[in-house]
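So, here come the structures, one by one.
You will see two complexes here that share subunit A, one where it goes with subunit B and one where it goes with subunit C.
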Partner chain A sequence: MAPTAVSNKLKATHRKQFQELQEAGEKGERERTMTLHRLFPLRLRQTIAQVRLLHGSGCGHQLEEVAMEPELRKETSVFRTQVNDPACQSERHLGQYYTLPTSHLHTIFPHGLPARYQQQVKTFNEGCVMVRQPALELISYLKAADYSKPAVRYLLYGLKGSGKTMSLCHTIHYCSTQGWLVLHIPDAHLWVKNCKELLPSSYHTSRFDQPIEASNWLRNFRTTNERFLSKIKLRQRYTWTKRESTEKGSPLGELVDMGVSRVKSSSDVVGAVLKELRLQAAETEESEGFRLAVAIDGVNSLWGRTTIKKEDKSPVAPEELTLIHNLRKMIDNNWCGGAVIATLSQTGSLYSPSSAYLPKELLGEEGFDSMDPFIPVPVSNYSEKEFESCYLYYLDRHWLQHPHSKTDEGKKEIIFLSNRNPSVLERLCAFL
Partner chain B sequence: MAAHTLNIYMLSLGRMHCHIYGRNVHKALNRATYATALSTNNSSPNKGFPDRGSRGPIIRRPRREEGEPRKDRMPVDQDWTAVYPTAAPFRPGSVPLPVRMGFPVKRGVPPEKKGNLELIKIPNFLHLTPTAIKKHCEAMKLFCTEWPSALDTNVKCDEHFPIKIECKDYVSAGTSIRNPSARIVNLRVKLSSLNLDDHAGKKMVKLLGERYCKETDIITIITDSCPVRQQNYDYAMYLLTVLYHESWKTEAWESEKTVADMEEYSWEDSPSQKNALSTLVRMQIAGEVEGDAVRDKLLGRPEVQEYRESVIRLMNEGESESSILQYREAVKKLLKL
Partner chain C sequence: MEWTSSLIVPQDSIKSNWLIPAPPKVLSRQLCVSSALHRKNLAAAGPEKFSEEFIKKQVEEYNIGKRHLANIMGEDPETFTQQDIDRSIAYLFPSGLFDKRARPLMKVRPEFLPGQLKSVQWGADGRPFHFLFYTGKQSYYSLMHDTVAKVLAAEKQQVLLLSEGPVPQDTKPISLVGSRWLLKEELEELLVETISDHDYARFIQLMERLLSLPNCLSEKDFVQRYRKQLEIQSSKQQVAPLQYDENGVAYSTADGRRKTATCTVLLRDCGSGSISINGRDYLHYFPVLQDREQLMFPFHFLDMLGRFDGQCTVGGGGRSSQAGALRLAISRAMLSFLSEGQVESMRQAGLLTPDPRVKERKKPGQEGARRKFTWKKR
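Showing the complex of A and B:
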């Protein structure tokens, strides 16, 4: 009786939507509420709610809540947002998940996302990122900054597993969609440890090259920034050997290809690429300039210690590695037209205590002096609302299979066990 | 031999039977089969004492009955110092308290004090009640002089007598009155009461090392290298004098003091200042000439001062959420110029 009365009240155009709602209702009450919110705009929802109340259906307290406090209900139970463009996201979307388009996933993030997140993307068949406060703050700074002034350095710091890398990826997505050139180094810690091949540098006698890491990175760089490779022209002539050289005025793509194919000189190619980009980012938009975003994850490895040893078993200092040397030059704020966004990471870092997460602890004296003045952005564990969102997302994806996890008590247990830490929560829910 | 074998056969038969009939049967049978024949009836007249044969019984003094324990005859207003005038072991009959000590058995309580070795083993201070100590003080007053009436507060004492010497005397019951630990002298003085300027103060702290406590600002010098207390006291005073005079002198090599040696972080001439200045200069319009005047003007700006405060706080106090947030605000103001 109730459904037919409601459908009489609504227009015929909404009938199809309503059928979907009914089907969702058969699956479960929560599904129904979620679909209800997704399909019908607020005003109609209120109408439906009131109509249902009049007819006294068995939805009980949930819909009463809807009628009285629709705003509150919307925040707590809607965990998805349709606004997929980071530039348009605002505080209204805090705590909600937005979907990364698949094309972007492959081009922008060939190597950037954390490993567990990549597995999650594969499992769920979609990449959803939560809109959180640190990322929104960073994006607002990037929007408001003046790009004729020297590059501003931003540093994301926080407890282990609190979402620094994901916030960084969110910001990179924003930069990409705005047409910036993104230089993403996914984990700088990988460059200071476990190096299989260490070659003495041809350019500078006391330095060392890492061909494998450099060529890997160049390949990924090529995938990310395809459209810039033909537009940017080199300003200088680079000589690699007696016979090979890259002429002035040739496109950047040629340099990158050469680096990928000639693995021996790939570290020097990386250095050249960075230098060129640094010099050319300063131009304004009219003269075919571009904005440069340098995104480094695990920036504390640049000033720490390495576990790489020379042939006489003495340790290699970070500045003796070509890649690190060139990267340090990028972090200096003597260039304009972009921003440096960095993340601290204790997880891969060497010789640092596992409880350290504050900037000065992990960067050290030297690192702090190099980055200073920078804007530290704290990333904390999930708030109540964000946790709700995450929990509902996992329920929606049918990731939480254990029947007890769907009850309130189970939810309290999950909160207690994970302390609302994103990575711990993710690992915990994988078991459920 | 035959009986023996028969016995064994009976044993095995008994056992076989027990498997059929049950364990109780086995027990009964056991008793029956294993009964031995020796009887223990001894013809000794003394109960419990060993047989001395022809030597005769041990003659012991007859034991007298024990009287009422002292605790039952104690009035409430008695003089306790008469019960325990000196250090003595615990006597359960003399202490009128229902004390229990020891590990309780299962579902029981700690054993009572009568015959309790644990209470006797531990040291007790029954001879040092407040009344007893009052009596000691009264007795010692004969050997003491009056406390000066002008020194009635701690502050005045510190002001007139900043150096405090502490020595310990040891008394023990034994053949010798000597105790080598009595030679140790403990000298305490507050650093602020010494006449030292900035450089001298820092040098003094570096020279003292562990002997200086930063929270309480007290220098503690403990000397025990000489055999006699008088010598140790002289040595402690000598050390203090030498430290004082040395810290006032400035050596030639002190000019090589590096940034790592500094006790506190100073922002002037630090890399942080250089970074901030260079950033600001780059942010300015490119027409301005760089020189000392520009530098001073930049340094004088309130944002720069705020930045300087936050960096000093970060370096000196260490990191914490609040100090980092303060730094963040300062940098935001600095860069949005």
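Showing the complex of A and C:
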């Protein structure tokens, strides 16, 4: 199995480093505890003195990060793991929470995380993601895939609230840490409904532009992929108006900035960006190529219906929207050097029954034919171990305040009322 | 205008055989009484009064007639019931009248059945039999009189015993568990006369006083006559026996109804705690927390949360009534797994009581069941 082989290798090479660091850490700790005893009164000492040696398995560079942390380290517990790099996580870490470093939170996920999760991050002052089986499976596929062949499409599907978006975010985190270029569309449903401004496209007469959504997305794209913006050069000359054009060979950053500032042509800029990335991802790593990850949440909106209406009150089909049209081109597997990871979502979708969650039902005939062949990855409710882990995490964060929720009977009640569904559990515990 | 005597006799006395003998004629002035007044005084006379003897004679005649009829019909006189009488009369006197009440019938007058009507309480000379007749409520006051006599007797005995010496009394008081005092309506039925609320309260007060005295054991029978035994409610509950399927897993089914929702539940003693409703998971069928709490109540009450596996079908009603119906059905299905004490506690918790509330009918002249149309002054 690829992931465990990789992690074993890393362990072997870094074991010596780890041992050295541990010894150094121990010595340092003894000195530190002496100073602690002198400076702080007894009660504070007790809290500070709950410092334990690191015993999580990990990669060398991971340990360096942690050793830099302040002295007040948290107790390592059953539900947490210190392995914060998705590449090093394996089945052993199933059900355990790993922390997203704050820097990554701001750069990789400016717009990607679900709203409730963002609130939780703000409340708990840390972003912890549970390592679950679907995400691990996806990461293993990504590790094992051959990138000289056409892009493989993965589809995460499951019941409402079972954790598809979070699994997608976990995978995106892995791709980012591996140095891929991530094209993350947080919710494709937002592009097919409630459009405030609809402009007829200048490029193609029958299509429509959505300047606001496009410029927002470009801004977030810029934040996510800063380092690629100067590296990638354009292969083609793009003319926007009679006076403005972007020359061949100029960096991608310039194009993106142009799209952010010139809101009117931002949808076309998005189209151009996608095309460039598609063409250039095919190159191998030696010649300054990169791997492209297209992550779309709510992919079933691309083939559904829209609530946007033209001026004569007739509905707009999704193909008539520039953004959707270009996105569909990205999903086609006629480009190499990357992967398409998509999630089905019934919550934001239009005109679909709430009991639908399977790909066939939500994608429709057209969507299924376009996505076919794809690798389906089912996401289910928490297993018993995962539920335990989540429950302990909430207890640890003092989120469960009600005294009865800490008892066994309270736990059984919570299990029954939420049926181990992640989002329902989160909403339930919010008022306990 | 008619010239009648001042003493008015009801007109119906002409119909019955022998009612009241005419009182000794008192010479009085002839009054001029018009027919209108005559009719009013008829109403003021009140219901008919019959003497004890008369009632007994009527009942005897009825019984004799019954035996004769049985002989006529060729049936056994001992086992000749009222139904047989009706049948025989309908056979012997066939009538084409449409109104059932106009057809010939042979029955004891309902007032003459024991405990329905007070027979005439005074003799031929007009003197009442009971010494408390002129109180108006003779049975009630005589009951009170007897009870007070007993109270006084008990107090006297207590004083005597105390004067003999402070001997510790080990008389146990009369046990009142499992019975209640007769209600006012029941007491009225027993005494065959109407009493007021105040009278009833005084009676209960007096009985309580009697019971508070230590030597009241001798009056046990007297007191029990005025108390009604309560039967244990849960003994009415029918608990179906447990069934076992092929794999040896115990299961039971039950139905439930609330408003217009009906449901059936099949509970299995598996140990998984998963419930499916109409083929879907209960989390998706009831997205609202309140409904899931209703489902949880029976399990949580008996601490059997993760034990059962449920398969339910539900239809009709709205989401809340479906949840209520399911709760009732689950409680009923669980009965076969429980002990007597648990069944009783479930009943007291209200899990086994079907909710009788249904939508109230809309009335004409009103906008809804209770809401009236907007009142306009003009």
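In this text, the second predicted complex is superposed on the first by the 355 of 432 C-alpha atoms of A that agree within 3 Å, B and C clash if a C-alpha of one lies under 4 Å from a C-alpha of the other, contacts with A are read in each partner's own complex, and residues count from 1 in each chain.
Definition applied: a contact is a pair of C-beta atoms (placed from the backbone, for glycine too) under 8 Å apart; a residue touches a chain by one contact, two chains touch by 3 or more.
Every value quoted in this text rests on a predicted model; they were computed, and no experiment measured them.
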Task: Return first, second, both or neither, reflecting whether A:E226 touches subunit B, subunit C, both chains, or no partner chain.
output: neither
Query: With the two structures laid over each other on chain A, which partner does A:E413 touch: subunit B (first), subunit C (second), both, or neither?
result: second
Message: Tell me which touches more residues of subunit A here: subunit C or subunit B.
response: B
- prompt: Which of the two partners, first being subunit B and second being subunit C, lies in contact with A:K160: first, second, both, or neither?
  reply: second
Task: Applying the touch criterion given at the start, work out whether A:E384 contacts subunit B, subunit C, both or neither, answering first, second, both or neither.
output: neither
Message: Once chain A of both complexes is superposed, is A:F374 in touch with subunit B (first), subunit C (second), both, or neither?
response: first
Query: Is A:P359 touching the first partner subunit B, the second partner subunit C, both, or neither of them?
result: first
Query: After lining up the shared chain so the two structures overlap, which partner does A:V152 touch, if you call subunit B first and subunit C second: first, second, both or neither?
result: first
Query: Can A:E244 be said to touch subunit B (first), subunit C (second), both, or neither?
result: neither
- request: Residue by residue on subunit A, keep only those touching subunit B in one complex and subunit C in the other, then list them.
  value: none
- line: Listed in rising order, the residues of subunit A that touch subunit B in the complex are 144, 149-150, 152, 333-334, 336, 358-361, 369, 372-378
- prompt: For subunit B, which residues are in contact with subunit A within the complex?
  reply: 271-272, 275-276, 278-279, 282-283, 307, 311, 314, 319-321, 324-325, 327-328, 331-332, 334-336
- prompt: Which of the residues in subunit C come into contact with subunit A in the complex?
  reply: 273-274, 280-284, 289, 292-293, 296, 299-300, 303, 305-306
Message: Residue numbers of subunit A touching subunit C in their complex, please.
response: 159-160, 355, 409, 412-413, 415-419, 421, 424, 428
